[in-house]
Each structure stands twice: as structure tokens, then as C-alpha cells.
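Two complexes follow with chain A in common, the first pairing it with chain B and the second with chain C.
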Partner chain A sequence: MDLLQLFISGLANGCVYGLIALGFVLIYKATEAVNFAQGDFMMFGAFITIWLTNTDYLGINFWIAVPVAMLIMGAFGYLLDVAILRKMFGQSQIAVVILTIALGFILRFAAGAIWAHEPQSLESPFAGREVRLGELVLGLEEVAVVFVTILLTFALYLFFNRSKLGIAMQAASQNQLAAYYMGIPVKRIQSLVWALGGVVAAVAGILFASKGAIDPSTGLLGIKAFAAAVIGGFGSLPGALIGGLIIGLVEPFAAYGLPAGYSQIAPYAIMLLVLIFRPAGLFSTTQKKKV
Partner chain B sequence: MRFVFKRSYDADIKLFKHRPQALWYLALLAVMLALPWIIDEFFLGEATNVLIWAIAGMGLMLLVGHSGQASLGHAAFMAVGAYTNVNMMESGIPFILSLPLSGIIAGVVGVIVALPVLRLHGIYLAIATLAISVLTEDFIVILEPWTGGVIGLVAPPIDLFGYEMDRYGTPTAFYFLTLLVTLLVLFAYRNLLRAPLGRAFTALRDSEISAQAMGVNIMRTKATAFGLSCVAAGLAGALLGLFAGAFNHETFNLVLSIQLLLMIVIGGLGSIHGAFFGAIVIGFLPQFIAISRDGISNLFGLGSVTIPGIESGVFAVILISFILFEPLGIYGRWVKIRTYFELFPFYRKNMFKRQKSYLKTERMR
Partner chain C sequence: MTEPVLKVDNLESYYGPIMAIRGVSLEVRQGQIVTVLGANGAGKTTLLKTVSGVMTPAKGTILLNGEPIHGAEADAVVRKGMVHVPEGREIFPLLSVGENVALGAYVRTDKAQIARDLEMVYSYFPILAERQNQRAGTLSGGQQQMLAIGRGLMAAPKVMLLDEPSLGLSPLLVEEIFTIIRRLNKEQQVTMMLVEQNAKVALDVADYGYVMEIGRIVMADTAPALESSKDVQSFYLGVQEETQRGQRRWKQRKTWR
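The block that comes next holds the complex of A and B.
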């Protein structure tokens, strides 16, 4: 029973990692840039929702606050691309990496200055309720996390593989110039992807904050989500989710089975192993460039 | 404007392009040597700090600026340098051996780490080194017998041929020690860039495929670049450990790695000068922020307001503005200003503009 409980909580954690990883992959897939600030986006989205719903702040109804927060983060992502990232068009990947790291610092600083550094949690309608499945007692928030994640991944998967806009996004990333020739408005598409990344981050943040407390440095969780994205192969949406689940499940079991001090190494160790033996990830979409 | 006539092939790889340039650097060296008598002890300590940052910066510059490999994990190798150095000093190895050895050990560790990791490139390399940086803290705690775990280590005083020095007792001696190491690393770096190996690094950075076509062994060259870069990082780490006096797992955290990277970007990627300019910015920024914060709060009569984390916030804003408006960094700006005056009426706005490149992915689906 203990193990099953561990499994469920790991699953819920893994879903949040998976969602952040999904944000990375989304932006990477469509713009070939890696958003190192995705974890901080998540944190910011969570704080905006807390600010909207919690009775200490505005106290708006949860079901109104969630779409509003998603909209705000989406607009934030869009404007960020228009104002800053578009200027990086055609520059090296590393420059974008450094830029997004700096953005993460700014978001963390801003969140700390606005909402202080104490951990806060979201007053969501799921908090504290239970679901009974036979003898198993599950927190409603954990079930909600798993459910929403699966739904979102499936929707995004369909979006990227079936819809015209999604395919245009993939084309824009595979070859910018060729995409231009085909009449794809590459710049607008990229802004839209960043907006989508912001929305996904907001969802991840809302789920995370309704599951436990959040503070401005929670954004560093993004590094674990990186491990997830890498394990899944950067560029595969279901891969990101599965990578997140692997990381989420490994964590509690490593803490259960390994001596203290070794357990937090486990996610990164797995990631390094994957990088060394299957550099393109478990769900590879990369091929070596031939000359 | 000066025209340098090249009369031999050696003129291409001379250390200094012409005599006045050599004289300027000599003057700078003279100022650096006279520094302890010009400024007081506090600022001498700051200058030492800047030099240590510059050594680490040169290490990372070699890797990122000249070989084109990203690393977000150089704090790990600084940690290797710091811990091995103090351990060797405590087990009785003289400092004159332990300092270079700590650099070499960091380099060897670097090569061992590099061999699997360097098969990756671009973004994957950045992530792998990021993971190394995160793991360092945990490893330091696990390897408690050597590292002192969470409590950390206290650096013993340096004993150099019977002359004892430490950072607080004899700041001047420590400054000269750091200056000497800086000069040696600088000299080695400058010479490396003139040698075939340095050329191979640059070729690798500009195009892996064409470097390969010219007969550069990619894997070996990358690993060498990583190793040499880690030697400098190890030396800087050893000096930083001695400078800080005491250090533990939190000294060499992820933030340090990122700061190092930001430092060379602000300074200007691909130039040794950049490492020094960046080090000056990093070294003096905290003081500058503290002073300006006091100034502002006095101006508005706010009392002493402290906003936690403002340093990293300001730092990030500076960094973003550099990447957006001056991707070549401080050194690039300096070159532009100099070129403007050299060519006086003929400077054109787009002289340093890089050709726009379009992204192509290697993903197939």
C-alpha cells in the first residue's frame, strides 16, 4: 500500500514535470530555441492564479481565475516574443539560452518583489478532498493533475500533427527560409508558439500550486523538467510527458530505496545516462546530419 | 590609422601587432604591479577577486568563445580545483606543487567528463553540463571525508618557500600571487591561439563540418579544449578557495556557473579581453548596486530599503540589454569605437553587422 501511495504521488509530480517539459518541447519544436525560463514561467503563472483567487488577494472565483491566468500568461509569452525574442531571430542558439536564463532571473526577482518569498498555496476547489477507490485513498488534486495532463498532452499532440497551424509551426522550425517561401508567416507563428508555451506553463503552475506550496525559487524545478524533456527526446511531445513521469516516479522510489544524499542524484544520473547512450532521447526525432 | 606592413609570415602570429601596442600592454602591466601602492587594502582585495574571476573567465572563454562549446557547468571544475588544492596542502604537499596540480587534476576530470558529454552538441551539451553543475553540490556532500560535507573546508595559510601568506594577513602578497597566475594563464592562452591547436579550436567553432574536412579530429580537439578550459577553471577555483578562506558545497553552485557564462557574454565572446572586461563587471557590480541603492534611498528619504535578490535582477537586465543591443559585448563596443576614430569620416554603421542566418533543424519529423 505504501508503495502504491508513493507511486501515485510520484505520478502526480511527474505530470507537473511533464507539463513543464511539454512547454520546453513545444517551444523547441516550433522555434528551435530552448526556453530555460520555462520553470519560472510556471512559477509566475501559479503566482498570478494565486493572486487572482486567494482570499488574501483578489478572491475571484477559481473557475474564472484559471482562464484569466492562462490568458495573461499567453499574452505575456506573445509579447515577450514580439519585444525581445524576435530580435534574436537568426542568432546562435546559445545566445537564446543565455537570454532565457536571464529572463528566468528577472521573473524570479519580480515574483519575489511582488508576492514575497514565503511559500504560498492555491486555494483550489480540489484541495483537501479525497477520492476513494476501494481501499486506496487518493487526493482529488492528484487525480486532477494526472487527468488534466493527459488531456492537455493529447490535445497538443493532435494540434501539432493534425491542425494546419501546428504543421506550419513544425515547418517553421525545420527550415525558416523554406517556410517563408511556402508563405508561412514565420514571425507570427513563433509568437503564437511562445504564447502557447506561456499557457501550458500557467496550467502546470496552477496544478503545482494546488498540489502544494510554491515560492519564487520553485522555478528551479525547471531543471528537473529538462531532465524529463531530454529523457523523452527533446522534440517529442508524448516523450516529454513520459520523461516527466519517469523522473517523477524515480524520485520517491529513490528516496525510499537509496541512502539519503544519493536519491536527489537519481533523476540527473538517468538523464546523463540517456544523453550518453541515446543522445537523441528515448523517443528520438533527430537524425545525424550527413554531408 | 596605422598600416602594419607584414614582411614575414611570422608577422601574422606575433604576440603584438606593432610596437606601440606592446608598449600599451607594458604600461598596463606596470600599473597592475604598482597597484598595491595606489589603492587601499579593501580595493586590493576586490582587484584580487576580479583577477580570479578573469582566470576562470579565460578558461570558459577558451571553451565557449574560441571552441564554440557551451558549458553551464564550470563551477563544478572550479570546485574540483578548490577541494583538491586544500586537501593537498593539508596533506603536506608544498603549495608550489599543489596549485598547478589542482589545475591539472581539474583538467583530467574535465576530459573524463567531456569524452561522453562532448558527443552532444549545442543545446544538449548545455543541458548535460547543467546537470553536472547541479550534481556537483550533491557529490560534495556525499564525498564528506575529503570535502567536509556541508560544513566545508577552511583553507590553510599558503607557505611559499618559507614565506607565509594569506588573504587577510598579507593581501599584497596574495594579490601578486594571483597576478602571477593570471599572467601565466594569459600567456599560455595567447600562445595557444597562435598554435595549430588554437587554430583547430577556432575552426571547430566556425564549422564543425569544414573543420572535419580540413583534417581536424573533432572528438580529440573538443576534449582537449574542454580539458584545457577546466585547467584554468581549476586554478581559479583553487585561488577562489584560498581567497574566500572557507568554502562549502554552496560556494560552487549553479549560480556561479551561470555567472561565469554571463560574465564572458557581457565581456565579449571570442576575445581574451572580454574575459577581463566581464570580470571587472562581475567583480564590481555588487558594490555598485549597494552604493547606488543607498544613494537612491537617501535621495528619496526611504531609509535603508533592501530588496532581496535585486543583484541577480539587475544583472539579468544588464545581460539582456547586452545580448539585444551589443551581442559583441564590451570588447566589441570598444573595437567599434576605436574603428570609428581610426577611420574617422569613413566609419559605416553596418561594418560589424553579421550576415543573417536562417535556422535549419536536424530533426526530421
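The block that comes next holds the complex of A and C.
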């Protein structure tokens, strides 16, 4: 295979990892909980979109199905926080971790029960088309993945740095108590962050399912995205994206250059190296937590 | 006499099984600066947290302009016109100074008035205007205290709860900050409840004062009366009395026990 094509497909995979990692970091920064079901959120968002738009199912127009799926996953994240996680306030972090792991199992099981276990792909307007740049032939879906990721990143950047709600989210994650003192409704903001986590997961799922097939256990690649978040520093949004890109790019090249088996270890090997040599991650914003 | 702006009655607050506030009653009147003095661990911070709705009281009532606010969420209390400037500054370190100040107005929507208040805050604290685009975490301690007060002002409070604004500041800076506190009270009509360990500066700006010990109010009087009280002098102002024999009294009894 052409190296450039390897690069592009790695980049597209990396975008999906990056978006899942972004979800991890968003929720972690705002609530100090790690959502180990983030990968399964992604899978579920993909299946909802497939269910809405594929001709075997409801056959709704793709451009309507996408925002509806994003909305459903956003509502799911919001309600999850309001109905369950908020009630666990004061319990140990481990309890939340176990809860999200269990939630991952439930989502995988539910997706399997509803949509069966065979891999399915999303009937998107990009599927199977090509873009030609001179000599170069690229899959339109891969180009779209990269493009949408850039767009979403930019939108999130504007949201967090320009909007009142986005800045309040940052404030609540930097100093929760002070946010309370300023009258910022911290609990509602945390629920909204879970909603945002759901929306971003849905986008990642839609991107994933439009460039390849997805099945209910695909959500397990959340572990790779977790490694990406760790590489990026687990507190940094751009770090998470770049961590995802690194893993996405290393994978195909490792598979190309290394004996089979080793390539699968590559993401975790990089994570270990980062943890050993830069324990705070590549892009950590250094800030000591006050006691 | 006018009705008090803030009226606290028989308040009790707990940290789990520990009773930190044991039946506190106090009043703050319009335009006053009322100070609450007390040693470490007396429960001053807990009192302010309970009043501002960050903690829920187990018993007692809190009236703000005659309206009950005990048990209300902190954001509802801010909306009703009372803001808490916490102990130890508690700024948002990674946001810019300007963003920190703007967040003080989070509960407000009156854009034009917010813009005027922003100018007012920057006129009291020109250093904040100068450092608008700098990360708040990089400010010095005194500047962070100014930021915390400025941010609180942006809520357009009728009552401001100030928790140890002198904490960790040099005498010169304490002087500067208290001058501004006095000006805000006079010029902007901000009523204040001021918690302090530095009894001297607090009594100098205050109209009325309470002394707190292990969760209870043990003395209440006008600021000048407290300043001249023997107990406050020896325990909070560090004035040492000479006895007839010319020795320092090393064993004292507080008259309130």
C-alpha cells in the first residue's frame, strides 16, 4: 500500500480516537470522573444513526438523522448525570468508574439485542466516493472524517473560549467551590458537560461508521482512546486530539513495518513511554491542585 | 430603626457529626460594615458558607431583606444580591483576569449595567485592568485578593461577605485593600459582613462587631466599644497589660466565661 494512503487512513482513525479521547477529557476535567463507557457511547451513537438513516431501518434523510442522533446521545449523557451520577455525589471515584464500566457492558448488550452483532456500516453520502488531488486518490469518507474533526475542534474551541457557558464550564472545572460562590449552577453545568460528551461521542461514531463497519463490541476501542488521552495529558483538550492522532498514525505504520502482533501493542507501548518519561502527558497544563 | 438587610437567627451547621456553628444570631443593617472576629477554627468561614448557601444549615433562619434564604442554592442567593468573597481568594487560575472578573456577573443579564460595573471595578482596581489578559494564577497574592473582590462586585451585590481579605498580605497591602473596602462601602453602598483575624484593621472599618468562639457568638458591640474592651484588646489586639508589680499577666480570664 502506498505510504501516503496509509497516512491518510491512519489520520482518519486517529481523528476518531481523538474525538473519543476528547470525550474522556471533557468529562474528567469537569467532574473528575472517568467515563469508561465513552467508546460505547461512540458505538451507540453510530448505531442510532444507522438505525435512523439506513434503508434497512427507518431510512430517514442522512442530514436529519445526524443531528437527531447527536441530540439523542446528548440527552442520554445529560439524563445519565441527572438521574444516576449526581446521586452518587460523595461516593468514591471507584464507584463511578465501576458504574461507567457496567454501563459500557449494558450499551454493548443493548446494541447487540436491538441491532444484532453483525458489522454494519452507515449509508452516508460520502461512502464509496473518491477525491482526486492530481495523482492522489483519496476516499471521500476519510477526507470527510478529517474535515469534520477539524470543524468540531474549532467549534469546541470557540465554545470554550468565547461563550459565557463555555467559560463557566472551564471555571467550574478549575475551581468548583469558587464557581459556586459566583452563582454558577455547577450541577447543571456538569450535566451539560455529560451531554456534550454524548454529542461528541455521537459524532465520533458517525465518522467511524461512515468509513467502515461497526459492531456492538467496537466500543472497546475506547481503551485505545483512553491511551490517547493519557498520552495527551488527560487534562488537555488539544492534547487528547493529538494523542488520538499519534495512535491512529502509529497503528498502520507499525502494522506495515513490524511483525504481526507487535503492532497492536504499539499504542500502549507509547502510552507507557509517555508515562515513564513525561508522567504528566505531552500537553499537560501544569497547575498544582490546591489541597 | 430600619429592618436589617441580613438577619441570622439561631443558626446551626455541621460537618458530618461535628457541630461547627452552634446557634449563631446576628444582624447586618443597610450600609453597615459588620465584622466577625475570632481565632482559628472558631467557625467564621463556616458561618459565611452557611449564609451564602454553599452549606445547608441544620437549624435556624437566614433572612435577606426579610426573605428566607436558608437552604437555598448558592446561585439563588447570588441572584438575590448577596455575594461571598471566599477565604484564600479562590480565583480561576487558568482563566484570564478579565474572564475571572466577567464571571462575577454570571447570574446577570443586564448588559449595559454590567459594562458600567466593569468600568467601576477597573477604576477601583486599575492593576486588574492592566493585567486583563494575563492568567489569573500568575497574579501576586494581593492582586488575587483584589481580583476576588472585583469579581464579587460584578455580581452587583447589596451585601458582600468578605472572608479574611487580609490573609497573607503585607501590612501595606492590607492597608490598601481596606481603604478600598471602606470606599466601596461609602461610595457604592455595599453592605458588608467582614470576617477577620486581624481585629485591628477590621474594627477600624467596621460599625459593629461580633466575637466568635467555638461556633458561638460570645460578644457583640459597636466597633469602638469592642476596640476598647479589655478582652478584645488582650486576646485579639495583642495589647499587653502591665500589672502593679510590673510583670506581665500571664494568666488571664476572659470575662465572658
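FYI, the second predicted complex is superposed on the first by the 283 of 291 C-alpha atoms of A that agree within 3 Å, B and C clash if a C-alpha of one lies under 4 Å from a C-alpha of the other, contacts with A are read in each partner's own complex, and residues count from 1 in each chain.
Just so it is clear, a residue touches a chain if its C-beta (ideal position, glycine included) is under 8 Å from a C-beta of that chain, and two chains touch if they have at least 3 such contacts.
Everything quoted here is computed from the prediction, not taken from an experiment.
Of the two partner chains, chain B is the only one that A:Q264 touches; chain C does not reach it. Contacts of A:Y181 after superposition on the shared chain: chain C is touched, whereas chain B is not.
Comparing chain B with chain C, more residues of chain A are touched by B.
Within the superposed three-chain model, A:K164 lies in touch with chain C and out of touch with chain B [touch as defined at top].
In the superposed model, A:I64 makes contact with neither chain B nor chain C.
In the overlay built on the shared chain, the residue A:L275 is in contact with chain B alone; chain C does not reach it. Comparing the two interfaces of chain A, the one with chain B and the one with chain C have residues 174-175, 177, 285, 287 in common.
Taken together, the chain A residues at the contact with chain C in this complex read 164, 167-168, 170-171, 174-175, 177-185, 285, 287. Contact residues of chain C toward chain A in the complex are 52, 54, 73-75, 77-79, 83-86, 90-95, 99, 102-104, 106-107, 137, 151, 155. Of all residues in chain A, those touching chain B in their complex are 28-29, 32, 34, 84, 87-91, 93-95, 97-99, 101-106, 108-110, 112-113, 117, 173-177, 223, 226-227, 230, 234-235, 261-262, 264-265, 268-269, 271-272, 275-276, 279, 285-289, 291. Every residue of chain B that touches chain A in the complex is listed here, in rising order: 64, 70, 116-117, 119-120, 122-124, 126-128, 130-132, 134-135, 138-139, 141-142, 209, 213, 254, 258, 261-262, 265, 307-310, 312-313, 315-317, 319-320, 323-324, 327, 356-365.
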